[in-house]
Amino acid sequence: MTQYILRRIAVSLLVLWVIVTVTFFLMRIIPGGPFQGEKKLPPEIRKNIEERYKLNDPLLKQYGDYLTNLIHWDLGPSFKYKGQTVNDIIEKGFPISAALGGIAIMISLLVGIPAGIISALRQGRWPDYLAMFFSTIGISVPSFILATLLMYFISYKLHLLPSALWGSPKHVIMPAIALSGLPTAFIARLMRSSMLEVLGQDYIKTARAKGLPKIVIIYRHTIKNAIIPVVTYLGPLTAAILTGSFVVENIFAIPGLGKHFVTSIYNRDYTVIMGVTVFYSILLVTLNLLVDLAYAVIDPRIKLFEAKE
Amino acid sequence: MHIKKLVVALVVVLSMSLVIAGCGGDKPEAQVDSQEMVVRYNVGTPPETIDPALSTGIPEATIQAQIFEGLTRLDENQIPQPAAAESWEVSDDKTVYTFHIRKDAKWSNGDPVTAEDFAFAWERALNPANAADYAYQLYNIKNAAAYNKGEITDPSQLGIEVVDEKTLKVTLESPAVHFLSLTAFHTLYPVHKATVEADPEGWSLSADTLIGNGAFKVEKWENNVMEFVPNENYWNKDVVKIDRLIFTMVENENTELTMFENDELDMTHTAPLAELERLETEGKLKIYPYLGTYYYIFNTQKKPFDDVRVRKALALAIDRQALIDNVVKGGRKPALAFVPYGLPDMDGSDFRENGGTYYKDADIETAKQLLAEAGYPDGKGFPEIEILYNTSESHKIVAETIQEMWKQNLGITNVTLTNQEWGVYLNSRDEGDFMVARAGWIGDYPDPLTFLDMWTTGNGNNNTFWGSEQYDRLIETVRNSSDQKERMTLMHQAEDILMENMPIMPIYFYTDPVCIKPNLKGVKKSLLGEVDFSEAYLE
Amino acid sequence: MHFSAEMFRPLPREKKSTQEIVRPSTTYWQDAWRRLKKNPLAMAGLAFIIFLLLLATFGPMISPYSYSDQNLLNTFKGPSTKHWFGTDNLGRDVFTRVLYGARISLSIGIVASLVNFVIGVIYGGVAGYVGGKVDNVMMRIVDILYGIPFLLWVILLMVVIGPGLINIYIVLGVVYWLPMARIVRGQILSLKEQEYVLAAKTIGSSSRRILLRHLIPNTMGPIIVTMTLAIPEAIFTEAFLSFIGLGVSAPMASWGTLASEALSSLKSHPYLLFFPAAAICLTLFAFNFLGDGLRDALDPRMRK
């Protein structure tokens, strides 16, 4: 096990290196640059800026320098947010996005999993239809529409909550719901379908035939085996949601990290693009490793590595 | 129990976020005393930097306008008035300006504002190591350009001289008529030398170190909200009537509007296109003037735009008034010339009013005739053309309308629309990889030259590939002249040439429609977009 | 009664079989279709999708308006007998625009599901079934594709190939199968340790057969659910891609574009959001009913 984890960490570093390299060159290939606008900068000013940010070094040297700094977790200065480093930007934005995202994931799990279980156990009856009706709406309404509608009804029509901004528990409610809508619906559907899958398996029939109490069958045999797709989905979902959603943060004016994933690319703010990509990738790779380890915990039969190791 | 292990596994994934959720999302809201006069304004995008030397945008300029003050301030007619400087003398040849800073001009921490603070701030903006985008705003100053380019490295050679604590003498490279307007611009604001020297990168990032000399000082800045209170050390503090000024930083204009209509804001920084009509009928809208022109550029290297008759025909065939009334709204004015309204001519009257219009709006007859002369009667045989715009709903809707107008009015049916992401679009324009492209120009300073000097041959902002030697000569003369009469006459002539050749197709002159509470008075919004709340009050 | 030898003759050889299978032999797919037909909700979903496809194909020919005809004097008019869904900000007929939008959005939905099904299921299936090093390498490739910013691919593609519907398909093809691959791989990892797989191996079934016949059909539930999620995501991603400049050119607009643009005028003209959003929702319901029906129909245990 330890050996497996160590090997996975080594491979993860390789994965990160590939992501860094591809992203670095991809962003430099696409047209546009960080210091352009409707108004052109005079060439001498441009030269000063390029010197300051070392953009006139050969590309390979810039790449090498970036890798060297990255090893020391120095993500460089932002081109757009003068005076701030990318480390600053992540340190400021991530706690906010992660707080909101953590709540959204909790909602998704606490609502989605029970909803899926109940509708599977009551297949074809009204709780099932109700849950599936709402989850179908949930997956067809994306977060930006849900967020706008929430704000329209709850703030604009009913005046129940402040429309936007961040800082008090009241400010968390609408964005958390908007963010959790789609994952909740998806987890409910995923849970329901794999529950149905498992409920049809022979060992459940055996368990029933043995006369095990229904509750034991459901908990010990069904949910445990049915939760694998949900756990799989949780890896990328958690990475994406903890680092913030551009649309939800934009609509509710939340000073999180999510905006930088999109605006840094529009601004061609190279260091920020790289920084948030690296940060997200580390989170993703780690969570996917945790998911794989969780498989082994949930279902001991799953072999992630060859037995001889 | 395996199920317990499972729960543990899930909790491991989530615990970290919960911990953060517990301590991050729970801060009490600012206690606002109901007796206080509080004004809430949304500046839009969170600022990139509040450092006056380094910033470039309008939200930044608006924040700076509350907390800093230059030597001069522009009044409603764009005439410079005394501000941090109580008076000044100009030498006869208009190259030496001596400013007398107010005795009672103080920083928000009580220190006196000195000539040294200005000299320090200006040198800082010009220092090539700081790579300020707007350093060129100071190029009028003697040796400034050379210093910024690194040709000279000794800052004492700059034409900035600290005569004594309150006297600043500025020597210019050549006579510049608008230098007194320039000293009102944010790049030339002073900064508190001691604070900036202590933390040159980070001083403008925290409320504690944001020392200013303006009407307000920053009390709190977190979570996209900036709170100001009056600066008790401001020399003119008696004009400040509000007790607290709150700036929110909400980028999304629909959210901003909801906040306004929900009484969470007293004024917005813009208003969504699709809601303008309703807001106007409900009396929530106020339309401020704005110094800008929305236009299309033609790539004059490409057929059929190499033919001036085609360019003119396309420009004449659109019905700007219909476009404004039904599509873009917001009290915009049809652009029948390039330089917008609001700029003073030689005698203080309006440059545009004096220059008049160069063509009739929706002159379809002439347009058809010109198109026929160019060899495309009723649009027959007209090659396939493409309108390029950067991604935005408002640009798209204008492009769609113009596409339809060319079809209806000229019979040109094969016009396609292409939108590109901002960076790609700018690149396509630079490379000349377009036929017709959307463009917009916002003036930098209140002089027609800011709209005209960009059309010289080979200018980086002239993407039309059009050029005229005569035009270049006129602009060159204007640049070196300090005689307003001569300058204005020549600039009218330059605009004549530009409009005669029509490498561009002006569409409308911008306005700045915003939502504002009817009881909010005394707000000053400059032609360049920044808002000043120093004399604002609630009725 | 007298029997003579002449009265008897041998049966033709071919009919002489002693055992006869009464039920015609059906393939897996025929069987699935037979069961699908018995599911009213699924058939309703299928009928609705076919109806939509017909409407999207022929509707615009019948409509008296085109998607681009403007009438600047008739903007923002609510639904009426003349304009069933009202008119938009340029006085265009929203009903016609929704019909044209269906062409784009439905094709996007179908491509997204195909990409998911073909690439995602097979990729995830192989990784999960083969396991070990192969799995590790294949899943790390998925991680890499997840990690590189999507928007960068999009801008690169836009620059290299230019706008058009085909490019949207390419973008979907590059990234849209990633969640599916992970979900299928996770399921297969667990399922391949089941007894029936061991049984199949024992009787010498090929890996390909085990994967396609035993494992993937048993993963159908999560596959269908993931697919029904991928469709709306793809529809709205298309709107985003069009916004960036990769999709169909204005004035043509998909449902996703119509819905997202209507958000800005929600307070003044809510009907502009209602119609495209309702179209997406109804389509999604139809796909979901069909998906659930398919899941049941393809479930090997339900085969009678």
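Each chain carries a letter (A, B and C) given by its place in the written order, and its residues are counted from 1.
Basically, contacts are C-beta pairs under 8 Å (C-beta built on N, C-alpha and C of every residue); 3 or more make two chains touch, one makes a residue touch a chain.
On a predicted model such as this, the values are computed, not experimentally measured, just so you know.
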item: Greatest separation from subunit B - chain, by CA centre; value: C
item: Busiest interface, counted in C-beta pairs; value: A-B
item: Centrality ranking, top chain (CA atoms only); value: A
item: Gap in Å, rounded to a whole number, between the CA centres of subunit C and subunit B; value: 48
item: Chain centre separation in whole Å, for subunit C relative to subunit A (CA means); value: 24
item: Distance between the centres, which are taken as Cα means, of subunit B and subunit A, whole angstrom; value: 37
item: Two or more partner chains touched - positions in subunit C; value: 155, 159, 263, 266-267
item: Set of subunit B residues in contact with two or more other chains; value: 254, 258, 261, 421, 423-424
item: Residues of subunit A engaged with two or more neighbouring chains; value: 30-31, 148, 152, 156, 231
item: Subunit A residues touching subunit B - in the complex, by the definition given at the top; value: 30-33, 35-45, 47-49, 51-53, 80-84, 95-96, 98-103, 105-106, 109, 148, 151-152, 155-156, 159, 162-169, 171-172, 219-220, 223-224, 227, 231, 234, 238, 242, 250-255, 266, 268, 287, 290, 293-294, 297-298
item: Contact footprint of subunit A on subunit B as seen in their complex; value: 1-3, 5-6, 8-10, 12-14, 16-18, 20-21, 24-29, 46, 48-49, 51, 54-56, 128-133, 135-136, 145, 148-150, 201-202, 204-205, 222-225, 248-252, 254-255, 258-259, 261-262, 264, 421-424, 426-428, 439-441, 444, 460-461
item: Contact footprint of subunit C on subunit A as seen in their complex; value: 8, 11-12, 14-16, 18-19, 22-23, 26-27, 29-31, 132, 136-137, 139-142, 144-145, 148, 152, 156, 182, 186, 189-190, 193-194, 196-197, 200, 225, 228-229, 231-233, 235-236, 261-262, 265, 273, 277, 280-281, 284-285, 288, 291, 295, 299, 301-306
item: In the complex, subunit B residues that touch subunit C; value: 253-254, 257-258, 261, 272-275, 277-278, 322-323, 325-327, 391, 393, 396-397, 399-401, 403-404, 416-421, 423-424
item: Complex contact set, residues of subunit C against subunit A; value: 131-132, 135-136, 139-140, 143-144, 146-149, 151-153, 155-156, 159, 178-179, 182-183, 185-187, 189-190, 193, 218-222, 224-226, 228-229, 232-233, 236, 259-260, 263, 266-267, 273, 277, 280-281, 284-285, 288, 292, 295, 299, 301-302
